[in-house]
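Naming follows writing order (A, B, C, D, E, F, G, H, I and J), and every chain is counted from residue 1.
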Amino acid sequence: MRDDTSGLTLLGKTRPEYPSRVDPGVLETFANKFAERDYEVVMVTDEFTSLCPVTGQPDYGTIELRYVPGKECIESKSLKYYLFSYRQEPTFMETVVNRILDDLVQACSPRQMKVVGRFKARGGIAIDVSAQYRREDQPS
Amino acid sequence: MRDDTSGLTLLGKTRPEYPSRVDPGVLETFANKFAERDYEVVMVTDEFTSLCPVTGQPDYGTIELRYVPGKECIESKSLKYYLFSYRQEPTFMETVVNRILDDLVQACSPRQMKVVGRFKARGGIAIDVSAQYRREDQPS
Amino acid sequence: MRDDTSGLTLLGKTRPEYPSRVDPGVLETFANKFAERDYEVVMVTDEFTSLCPVTGQPDYGTIELRYVPGKECIESKSLKYYLFSYRQEPTFMETVVNRILDDLVQACSPRQMKVVGRFKARGGIAIDVSAQYRREDQPS
Amino acid sequence: MRDDTSGLTLLGKTRPEYPSRVDPGVLETFANKFAERDYEVVMVTDEFTSLCPVTGQPDYGTIELRYVPGKECIESKSLKYYLFSYRQEPTFMETVVNRILDDLVQACSPRQMKVVGRFKARGGIAIDVSAQYRREDQPS
Amino acid sequence: MRDDTSGLTLLGKTRPEYPSRVDPGVLETFANKFAERDYEVVMVTDEFTSLCPVTGQPDYGTIELRYVPGKECIESKSLKYYLFSYRQEPTFMETVVNRILDDLVQACSPRQMKVVGRFKARGGIAIDVSAQYRREDQPS
Amino acid sequence: MRDDTSGLTLLGKTRPEYPSRVDPGVLETFANKFAERDYEVVMVTDEFTSLCPVTGQPDYGTIELRYVPGKECIESKSLKYYLFSYRQEPTFMETVVNRILDDLVQACSPRQMKVVGRFKARGGIAIDVSAQYRREDQPS
Amino acid sequence: MRDDTSGLTLLGKTRPEYPSRVDPGVLETFANKFAERDYEVVMVTDEFTSLCPVTGQPDYGTIELRYVPGKECIESKSLKYYLFSYRQEPTFMETVVNRILDDLVQACSPRQMKVVGRFKARGGIAIDVSAQYRREDQPS
Amino acid sequence: MRDDTSGLTLLGKTRPEYPSRVDPGVLETFANKFAERDYEVVMVTDEFTSLCPVTGQPDYGTIELRYVPGKECIESKSLKYYLFSYRQEPTFMETVVNRILDDLVQACSPRQMKVVGRFKARGGIAIDVSAQYRREDQPS
Amino acid sequence: MRDDTSGLTLLGKTRPEYPSRVDPGVLETFANKFAERDYEVVMVTDEFTSLCPVTGQPDYGTIELRYVPGKECIESKSLKYYLFSYRQEPTFMETVVNRILDDLVQACSPRQMKVVGRFKARGGIAIDVSAQYRREDQPS
Amino acid sequence: MRDDTSGLTLLGKTRPEYPSRVDPGVLETFANKFAERDYEVVMVTDEFTSLCPVTGQPDYGTIELRYVPGKECIESKSLKYYLFSYRQEPTFMETVVNRILDDLVQACSPRQMKVVGRFKARGGIAIDVSAQYRREDQPS
């Protein structure tokens, strides 16, 4: 029962070129060998950072991705590179989460997906944003 | 994918004039770029304080705002100023939470909104109050 | 937006006479200014104590009151005095919680109310009791 | 509002004879004074121990009893003695929980009851077992 | 009320031969003495390890098995040996969880079963995978 | 190696008369069988309550006793009764802790003893008091 | 063993006039009845707030007072009023802690005293400040 | 670098005969291969139980052994059997800890050893006991 | 008792230019008004990030600064900017901490200073580094 | 201030050959650029596993390395490979920790070093082992 790793270009490389702007093109997937079953994958990192679009100051947060795969699964090292590409991006938190959802839905055509961003307090106020997607053929 | 920050007057200023009485007029919003989607924003601060209407003693608590934005999102620095305006206000906890809900619904016309206040114990008894709003066109 | 404190006799007094037996008559309420809205108030204290009806030994616990107010809200200092009146009362835990529920429903005619008592272990066994009330005109 | 303690033989005794095999006969109940109301009682102890039926080694765990009383409530000291009677009993965890449920349902005819056992890891694997009962006249 | 341990070959042996590749054949079961009742068994270990199929580096995680037994219960020491057999297996996390579910369903024909794997972060990204099975004659 | 329980009058009784004022006379001791060795005993309860000498309101706290026994050890049930005797006593926290230390030193002549009281917040301010004793023949 | 409460003017009053600027004159003490013994008193509140001297924004923190009393003990309600008097004071955190130490040493002439302030993060950086005093006749 | 396991009789057996009274003779040791170095071994179990010598009720606790080995190390499975032998022993907590220390010192002649027992609350009072040994040739 | 803020250039500005390489020149100080006393200031941020010098991947960590000020105190917003300047710096963790210590000692001439960096795991291994400085005229 | 990475052979490779037996030769170091200063480095992993020398069953634990570097620092990826080489090694916990200490002292000639292993419970008993080294020219 061997996993198909033939299409993965990043997992075997230690020093790829890092994207300098947000780039969904770095996302890679591998074939879902259990596509006949609805099951859930959760990927979490507390190493997300971007910049405030007004003050230029860095923001930090946690990104949680939760999805039911269709024919493809997100490869986790490529997800790391994609999230890394926000490092110099000026953006609101509400935009970050919706944009990640759009890019990941585009990349792997999941049955369902939810993205949650939990961002550290600025001015004493912390912000969490969560957005979700359901493929049209899926029951609610 | 640039966020529209043109209408924000407070985020770029370090020392605005602080309101001395509760003033919903300080609340500012920015355009929701993902208004076609129902998603949730949570804003939490543990830096809320007001005064007891009977004894004049300070009360302290946490305020949690949870909403599904309509066409506008609440800007977080203006929310900070609005909450700061309760600092010298004599008020019961039940009133604080309902009033914040009313003011924020008025400010951004959300699809749904919930406000929870968790206040520190007085006389050994802690009080939490939670109130919510649902726009008439929203399913329950 | 001033809260009506005219009917409160305990909140402004430091040394009222403490009741020596369980006395629901010490409970006071104030007018609910947001009675048109269903919202929830939670009051919690971890300073409850009574006596075991068989051994006379003290029991300790936490009381959590959770209700949707009707026309009246429970004033928290009077709740403190009411709970204090169990200090010398011999009673089972199952009785404490049901009796508090009955007395508080009687005092403020809420739309819904739940009382939970969490009592410290005796003989290595901890007991929690929870009981609830729903006004007849309320949907379940 | 006096609790009826007339039928309790264990609560007032410090040194009853301990059962040496599992004995549901030690369970005692007292009259439920609030039988007209559906309310929940939870009793928890982390002092349960029995023996492995294959290796003879001791097992340890937590037992949580959660029920809606009918006409009778379980007296907690008799519950302690009943659970103590498993101390020398060789038994699987799956059997412990189902057997406790059967014995307690028999003892107090509850409207609903759930028993959960959480047992410490053996060979690095912890086991939790939960079983429940619903009286035939109760809605699911 | 004696548990039937006659079919168990591993529980009484300290040093069986460990499987060197994934081997569902080591799984053993014992008769479910309470098969007339739907009840739940949870088995959890935080001692799971396998290898990354691309880099060969070890992965670590927690496996949680949650099921409603049919006529057979999983014996926990044999489960330990089965999970141990992944120690040298190169595999993705998504595959591990689905494969364990398939093997355990095959071994004990449960009414329902859920397997959750929570794996430690690689490259700052942790992965949890959960999959479940429901026998065809079971209501959803 | 049998412990000497001949002098204990409370441990075997379920319903002794409770003292109504602070009464160090209820304290009992048993012979320290390891008096040739300096070792430490810690006794902790979170079930202490007394009254405020100015407002009459109840105070709650945790009492921690830590001592190196001389020829006598404190029997724990008699310690419970002694601490229970503060239930109706109006007293400052600073006094409670020093008085308990004096009474316990008097009761068991320890080599060293420390008493710590941790009291719940009043007016948002929590108070901890700790006092200690060292017998004159003990090195510091 | 009655505590001397004759000099306390605040503890029996519910609504004294609150100071509007930092005022050490509101501090009150009572006689230390155990002055022959070195013992420690710790008073902690998490309800401290002041203002930033540059931006005017509110700061929040916890103040911990730890001292060995001389002839006088700090009365806790007067400490609350003293700390409340910083509510509108523009000040750095380093100044707050040193100033509180100076004022409290002046008020009660302790043998030793330590003040620790733990302030919530501003710009992602939290600040703790601690300062201590030792009376000249005390060994270090 | 092979460990010497030749003297161990229990580690390879699943079902030895369990001792029914406290029996230090079940303790086994293996040769300390690093005896030229002072290093520390800590062994902790939360599965200790004995009986109260007055009431016969079970007591539960945690035993922590901390020692610097001399020429012998304690084998952990034999320690388990030794501790298991207290299961039916009536004993005070102060006696348990001192006795375990004496037996283990006798068994392995350590350079230093400390035993701590942390026992669950009885009557709301928890007891911890700690005792230690230092070989005469060891510096304090 | 007014703090001297005359030399601070960053605290009043929302959008200064961020340094793009490590730049100790952005550090600012203010006069220590309590220089006659040895007291401690702790500044902590969990928002530190730099790059791995071999793989180019981002590292994340917490920086804790602990010092006894001499004539100058570190202004916290300038510390934030200084730490921000490591955002694109390729560096080992051992170097980060020692370099921060050198730069901060240079900036404020403290009596003592300690810097601790706690960095998130890479390859399953977390690294903490701590270094300290003591001015020559200070006792150890 | 560039770190010297010229001697590192593993950090830039994703798939080196893993050692199959304990092999201190895989350890690599880099030059300590701050060798004139005594500072501390802590490296922690909770991904250690080995085998029991008697039963062959896997053991799991956490390894914490704490050292003051001399002229060389341990490179963390090579430490990972070294620890990985215990995966199939039959060994007692006491041996693991002393052996790691010997190998790491040999590899980097530190001024001081301490190794702590915290291993998961077997038979309900957890074992921690800690050993340390101090170079002869170092003060104790």
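The working rule: a residue touches a chain if its C-beta (ideal position, glycine included) is under 8 Å from a C-beta of that chain, and two chains touch if they have at least 3 such contacts.
For reference, the UniProt names are A, B, C, D, E, F, G, H, I, J = NADPH-dependent 7-cyano-7-deazaguanine reductase.
In this text the structure is predicted, and so the values were computed from the model without any measurement.
**Student:** More than half overlap in residue numbers between the two sides of the chain E-chain J interface, or less? Answer same or different.
**Tutor:** Homomeric contact, same residues on both sides for the most part.
**Student:** Name whichever of A-I and E-I has more C-beta pairs touching across its two chains.
**Tutor:** A-I
**Student:** Could you put a whole-Å number on the gap between the CA centroids of chain A and chain D?
**Tutor:** From the centre of chain A to the centre of chain D is 48 Å.
**Student:** Using mean CA coordinates as chain centres, what's the gap between chain E and chain G in Å?
**Tutor:** Once rounded, the distance between the two centres reads 58 Å.
**Student:** Distance from the CA centroid of chain A to that of chain B, rounded to the nearest Å?
**Tutor:** Those two chain centres are 29 Å apart.
**Student:** Which residues does chain I have that touch at least 2 chains other than itself?
**Tutor:** In chain I, the residues touching two or more other chains are 12, 14-15, 46-47, 54-55, 57, 60, 120-121, 123-124.
**Student:** Taking the complex as given, what residues does chain A use to touch chain E?
**Tutor:** 1-3, 5, 8, 11-12, 30, 32-34, 37, 39-47, 69, 73, 76-77, 79-80
**Student:** Going by the contact rule set out above, which residues of chain G touch chain B in the complex?
**Tutor:** Result: residues 14-15, 18, 46-47, 49, 54-58, 60, 84, 87, 120 of chain G touch chain B.
**Student:** Could you pull out which chain I residues touch chain E in their complex?
**Tutor:** My answer: residues 57, 60, 120-121, 123-124.
**Student:** Would you tell me which residues of chain C are touching chain D in their complex?
**Tutor:** Its residues touching chain D are 22, 53-55, 90-92, 94-95, 97-99, 121-132.
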